[in-house]
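In the part that follows, the structures are each spelled out as structure tokens.
Next come two complexes, and both contain chain A; in the first it sits with chain B, in the second with chain C.
Entry: the complex of A and B
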């Protein structure tokens, strides 16, 4: 009886799947709006935090989709390329559009998508990896990486133009953006992978890793924008608490204890 | 420096990184359980660790020592070689004295360098264990090439007029993108230049050519083309 109800439950949770297109749309629109809002006034810097969370969500969903095929190189190598392939795009966009600042995120996104597309095409057709979603996912992951870097820069310095980028790189904060951004994207699937991995649970963890990044970005932003950085920290802490407890609750609900009969009942008492 | 030289230099740097990664003995998760030859971590982590150390030593030479460019590249290579050499040495200490396995390669019957017999020391059901001499030497060669590639990227980006911090940032990204392409070509584990998978190298070079070329082109366009929009 327990077994059948468990199966029914597992099927019920497996049915709910958010489409990749919806996540991609959210992952583009929300970070772009968040980046613009964060640069509007330092009081709105926490809006960049929302951008960080959704960019992480998009990237983590891309990692999840492609890593399910079992590439054999480990999930981290898929996540690291997100920032590796997109950082040049961000810097190039910041140089190219330094007169029309509002265009920087859009151009960075386009250039990052292009470099992701090239990495995907090389992996699929030249390195001959037989993974059909490779091109789409590499493109998505690089795009998410570019938006994630810009979201961090916008949250931390309150601007996303070339001086803002120079500020974070000259202080060395950009290295921490690089590592926590990549970890935020690669960790959710790396932690949840397995036979019973489910999109909903992985994405809940990605929301939590995104929120944890917001806390760190908020701490870093105290140096640049001062007291309004506290709003970012508080927002990040609240978001982390909510999303992480959501994830833990889901894990408890879906982690089913199966009594196989191998362990005698005496030991439980 | 003129733009074409910088684009060509960046492409050469990318190709050097990709070739270097193929030389590094990567064991992945099986090696972490002493069930395959190589260091027990992923390709990208291992290559990045070595590459970034090379970047630090090359950056120091470039900015604080008044020496020709070849010295800068060599110091990057030495930094990488030191880092990877220490990693492999400590890995071997743990494999030999901690796990208790003799370093042996399952891909060749005799070690090409020491001529020692390998197959009788390989535990049944495994792909070899530890880091035998040939893998160690191969790893050092790989770190040399990767270090030169990383240092060359950094120097060229500096010559392009980007600030040192941003150059270092892009050099890391460039290194990672190329290391990932090599990792996909290797698909898991490789022992070094004597591994049959090493013959796949040309594919990785072509893909690196495309990706590095694109990244180099947008960077040169941005830094030298000036403000477009």
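Entry: the complex of A and C
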């Protein structure tokens, strides 16, 4: 019953780190392009799905970087900040740029980064949380949250201007966006928390939670844009299948997998 | 505006739906070891206690239930707009939510246990296969009832909030009640069944949860069986009372009196709780002497 594979042995999995800057660059560029593409025509609404996946990737990497400092039960709270800290930025941007709609995502991103910076500085210097990456990560997380909200709005309603935002808030879908977005960003690190957590596996899960959000956004978009929403659902389902399989495969490679069996004996220290 | 009798009937129906939702929610979180007791399950392998217990870390219960309820409500609302039968729309909405519940639960178990490799904790495939269906089923029941009570509030009482928003708010509420009421029964009583209850937990015992069952190894489904005796129903009654009393006072009394009655209900509950606690301490306490008797064996 206690095969060699299930003995307690510290086997740290070799870490191949992906640079935070690369992820941030991808997390800004791809969602911005995706949001514009999704609002171009409702047939392209699924492009907003790509934006959702990459915004989630960026946000989840931010949560991972800051929560690595031993924030256990605080992981969900940090993820919630992503959306909570950026809702106001999105609404303000939609008001400020109501004449030049194309500027909304850029202004929303800038405002969200600023609000994240403010939250980060408060956490670092007022609450005295002694985490060096706090300011950078809070800034990144809020930026990702703003892009995620706009990606969802663009995918679901086919536009990201003030009427689009009003549509989602009047119907209550805005809370649906809030909670699936927040869970999408906080779940990857929260679900992989532990001593042998590895960036690659967590990010694969963030791709999977991003794709799951695409399916949900596609379902919600059926009400607003009708049948083209099916393209989003199909795209999301395909992306989810691929990314979820990648995550499961990686977890099985990195964990000790047993079909069934009793609890193995461990050497007591 | 409807007459008070019909209104009372609907409020009673909401209370009944809330009671079932609360009970199902708590049992579901116990099968998954979500929320507060999760920290002990997460800690166990680090202190050398390996286990076959499910580790479902999907945020806390309130955000998790807001997540399932708003997914279910969105799907149901879209179907209702497409002229679907309402009960069928609820069932399909709750089904879609339970699928996503299962997906997130499976990733949490695999991810967290894979991250405990150095302690030798295995990922048991049969634990995934056996636990996901009950988790999804209890989640389905809870979400379905949340949709029902949100719909009554939205459609019959013409609440100004949109349907999805009401479901979101009730989702957060049921999660918060489950987390504060039911978790004690699972966390303190079941996970530490071999320790005297009510004495608080010594820090040295952190993570040393019970992993053996009456026969064989304890699984999280045994925990649902145990918690169904007290923790689940207690959670259900709590949530049912909150929904019933809160809507009853606004239905029966006009605006100002409803606020006064709300304060009176809270005051009565505080007094009743205080009396209950004093009675319990007198009947079963004082704790230090009980502890000495239980631990010293003399």
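One rule holds for everything that comes next: the second predicted complex is superposed on the first by the 238 of 269 C-alpha atoms of A that agree within 3 Å, B and C clash if a C-alpha of one lies under 4 Å from a C-alpha of the other, contacts with A are read in each partner's own complex, and residues count from 1 in each chain.
Everything that follows uses one rule, which is that contacts are C-beta pairs under 8 Å (C-beta built on N, C-alpha and C of every residue); 3 or more make two chains touch, one makes a residue touch a chain.
Just so you know, these numbers come straight off a predicted model, no measurement behind them.
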Using the superposition on chain A described above, determine whether A:114 touches chain B (first), chain C (second), both, or neither. first
A:223 in the overlay: touching chain B, chain C, both, or neither? Say first, second, both or neither. second
Identify which of chain B and chain C touches the larger number of residues of chain A. C
One more residue to check, A:95. First (chain B), second (chain C), both or neither? first
Touched partner set for A:170, first chain B, second chain C, both or neither: both
Could you look at A:80 and tell me whether it touches chain B, chain C, both or neither (first, second, both, neither)? both
Partner chain in contact with A:256 - chain B first, chain C second, else both or neither: second
Counting contacts the way the document defines them, which residues of chain A are shared by the two interfaces, the one with chain B and the one with chain C? 72-73, 76, 80, 170, 172, 175
Can you list the chain C residues touching chain A in their complex? 39, 42, 46, 48, 50-52, 57-60, 63-64, 66-67, 70-71, 73-75, 77-78, 81, 96, 100, 103-104, 107-108, 110-126, 161-166, 168, 211, 216-217
Which positions of chain B touch chain A when the two form their complex? 28-29, 42-45, 48, 162-163, 165-166, 168-170, 172-177, 179-181, 183-188, 203-204, 206-207, 210-211, 214-215, 218-219, 221-223, 225, 227-229
Once bound in the complex, which stretches of chain A touch chain C? 6-13, 72-73, 76, 79-80, 170-173, 175-176, 179-180, 182-183, 186-188, 190-198, 201-202, 205, 208-209, 212, 216, 219-220, 222-223, 244, 247-248, 250-252, 254-264, 266, 268-269
Per the touch rule, the chain A residues reaching chain B in their complex are 71-74, 76-78, 80-81, 83-89, 91-100, 103, 107, 111, 114-115, 118-119, 121-123, 126-129, 165-166, 169-170, 172, 174-175, 178
